[in-house]
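Next up, some structures in structure tokens.
Common to both upcoming complexes is chain A, partnered first by chain B, then by chain C.
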Partner chain A sequence: MRHGLSLGVGPVGFRIGSAWPGPIAALRGLYAGYPEAEDGIADFTVRLEPNRPWRRWIRPSIAIGGDHRLPEAAPLALAHGLLAAEMGMNLQMALGLRRYLLLHASAVERDGRALVMTGASGAGKSTLAALLGERGWRLLGDEFVLVDLAGGGLHPFPRAVSLKNAAITLLEAEAPPERFGPVLEETPKGRIRHLRPRAEAIHRMAEPAVPALILFPRYGYDKALRPVGAAEAFVRLTQASTNYVSLGEAGFRALTGLVTANPACAIDYPDTDGAIDLVETLWANLDA
Partner chain B sequence: MGESGRVSGAALLARLLADPAQAPGIDRRAWTGILAAARAEQLIGTLAWRLEGLPLPDRACAILRDARDGAAQARQAALWEAEMARRALAGLAVPVVLLKGTAFVAAGLSAGVGRAIGDLDILVRRHDLPAVEAALLGAGWEWVKEDDYDDLYYRRWMHELPPLIHRTRDRMIDVHHTILPPTARPTPDAAALVDASIPLENGLRILCPEDMVIHAAAHLLADGDLAGGLRNLWDIDRLLREFMAEPGFWARLEERAGRHQLRAPLARALRLTERLYATPVDADLAGPARPADALYVRRLLARDGWGRGTRRATRLAFYVRSHWLRMPPAMLARHLWIKLRKG
Partner chain C sequence: MTGPLYRADPPTMRLAVEAEGLTLLYHRPSGMTHVLGPPAPELLTALAEGPADAAEIVRRLRQHHDLQDDAGIEAVVAARLDELEAAGLVSRA
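Moving on, here comes the complex of A and B:
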């Protein structure tokens, strides 16, 4: 393809190709400081290409292609190239990754131990992880947690955080402007702005963490806290995994290992500051 | 980031499949393109097994190891699906012949090593179809297509039932009664396919070696637009190399191809696999090279190092050809008209 970029995020290498220069330039800016794919060999190829030949020039629109693709995916406007690249990378991970158990979850680390958060879209896992990542924790990832199939450790996947709507304003008050991408207005997912994690998260992207606590946050409810048993955590995490079924026995072992070795909690919260307090209290009492 | 040299992704892929010893000498920067082409051609698992143990860059080794794991899981799932069909049909006491990928792995053939396997394909006798259909519907399979025209089209003009999908396992089964659509010009001897089939230990059957090769050739060249053709041609290479040691194999292959009216597709398949995978083939059966062979090679290798289909006009020509092979002109016109009106 005419324009391309090699990008390493945690243990995964991407090659992103584009028919237009814009998306690649935007990616270079957003991912400044990230390494190239290891050995120059990418695990996955993502293609941003016109869905019809004339769509390169006339009302350009981006079809997301690559090693793995969904036939029914709708094309995006050229101005939303960063979102197209993000969705293309997500798709490769969700449909193609086999080296790790993939959880649709966010995670942060402190003192080598990790907090995993998962929940339905809008539950706040991404926003909470981004906030904690600005307040002394190391962001492991806002979208995917990679569980090691042999050792059970969590591998970071610190791609740029994808902030939506109200979360944008919240994080603009926490992080310096140079770490933000452009504001993408009126995307299919609403208003979006990407945030590059702190430099520490990028420099230490090859350094796994040991899981310590699993949370199922839920935004917009009165403050509440409920311990979750291993069986329930297991079932909820199978629903949060894109490759649990295709990994077969290896996936089962990794997931049972994760839920039996770590406590899990469901937390409801009315506002983000309340949630951060809850998380810090739970974390402080972990070993008590 | 242009293409590396003039060798397309698919051409490099075919070269490595035929001669894995070249892999350690491959430029590091070419690997991403080879892997993307292999994935797009559904040959990544096959490539991974061909290159196992060779000294390659660490990251290439890691990706190929994942592909071997993926193929092992696909094999297990395919065999389980065959077992589910066996149980559903056991009460009927009719011959059930496994086809394509599932047959290769069930029989432990080298064509099955690392192979991607999607749907379960089985062949039954035409007069057993109603009973087989009823038994599958009773065991949890349901129709994928609800459309009356499509349903009628399949039942009247195709060599298989409309596809069925299993309610809980989400896997498709294609139930064939012969190996080409009845509207196609060659008419394979469907009864002979079942009569010569070979039982496996569990009671399911596979085609005899010669019919297996002929089916693969028919699938590649007498039905369809050659999409995924590199994989189907690889099946033919592996099957031939495995079977040709049997005394009298080539003579029997010729006899069976004649019976199934598929001598010409078989001959072309032999020439193509010799050309792309250096398969040792019987020169008399393959016949002299034809000018059109080069077009087929061009179509088979129409894939670049980004995994994109290239050579749009060639692909379109083969797409049109696939419909021409399948239907007489008046029928094709009617079919396209109905499809067009439905949008």
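Moving on, here comes the complex of A and C:
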């Protein structure tokens, strides 16, 4: 393709090609300081190309392609090229990754131990991870958690955090402006702005963490906390995994290992500060 | 024996993890994951001795478990066996 970028995020290498220079320039800015794919070899290729040849110039619209693709995916406006690239990377991971158990979840680490958060879209897992990542925790990832199939450790995948709507304002008060990407207005997911994690998260992206606590947060409810048993956590996490079924026995071993070795809690919270307090309290009492 | 005979794959065809009173079970031949509550795991264990009907399974269960002397117990076991058959974990021999 005419324009391209090699990008290493944790153990995964991407090659992103684009028919237009804009999305690649935006990616270079957002991912400043990230390494290239190891040895220049990409695990996944993402292609941003016109969905019809003339769409490169006339009302340009981007079709997301690559090694794996969804035939029904709607094209995006060129102005949303950065979002298209991010969605393309997500798609390749969700459809193609087999080396790890992939959970649709966020994770942060402190003292080598990791907190995993998962929930439906809008539950706040991304926002909470981003906030904790600015407040002394190391962001492991806001979208995907990679569980090692042999040892059960969590491999960082610290891509730029995708902030939506109110979470943008919240994080703009926490992180310096140079770590933000452009504001993308009126995308299919609303207003979006990406945040590059703190430098520590990028420098330590090859360092796995040991899971210690699993949370199922839910935003917009009165503050509540409920312990979740291992069987329920297992079922909820199979639903949060994009590749559990295709991994077969290896996925079963990794996931049962995760849920039987770690406590899990469902937390409801009315506001993010309340959630951060809950998380810190739970974390402080982890070994009590 | 009077009722239908049931059989199950040998225990080596299953991976089972206990989780707070439930059993998380991976069935190797099908690649399916199941969450089982009692007495389903016990029925699979009883079938490890070989195919059996409900009456024989009750007899095997009594060797290891303190079951009530209830005339309806065979019907309960038969119903659970039908559920396990629907889940693909046991079949008619």
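The rule we apply is simple: the second predicted complex is superposed on the first by the 288 of 288 C-alpha atoms of A that agree within 3 Å, B and C clash if a C-alpha of one lies under 4 Å from a C-alpha of the other, contacts with A are read in each partner's own complex, and residues count from 1 in each chain.
Heads up, the rule we're going with is that contacts are C-beta pairs under 8 Å (C-beta built on N, C-alpha and C of every residue); 3 or more make two chains touch, one makes a residue touch a chain.
Being a predicted model, the structure only gives us computed values, none of them experimental.
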Touching partner for A:Gly10 - first (chain B), second (chain C), both, neither: neither
Which superposed partner A:Gly141 touches (first chain B, second chain C, both, neither): neither
Chain B versus chain C as contact partner of A:Gly248, first or second or both or neither: both
First, second, both or neither for A:Asp67, with chain B first and chain C second: first
Partner chain in contact with A:Asp43 - chain B first, chain C second, else both or neither: first
Contact breadth on chain A, by residue count: chain C or chain B: B
Chain A residues contacted in one complex by chain B, in the other by chain C: 248
Parts of chain A lying in touch with chain C, wherever the complex brings them together: 229-231, 234-235, 238, 244-245, 248-249, 252-253, 256, 259-260
Contacting residues of chain A [partner chain B, same complex]: 1-4, 13, 15, 17, 37-43, 45, 47, 49, 65-68, 98-99, 246-248, 250
Chain A contact footprint on chain B (complex, rising order): 1, 28-29, 31-32, 35-36, 39-40, 57-60, 62-63, 66, 69-70, 73, 76, 306-308
Chain A partner contacts - residues on chain C that touch it in the complex: 15, 17, 19-22, 24, 26, 28, 31, 33, 35
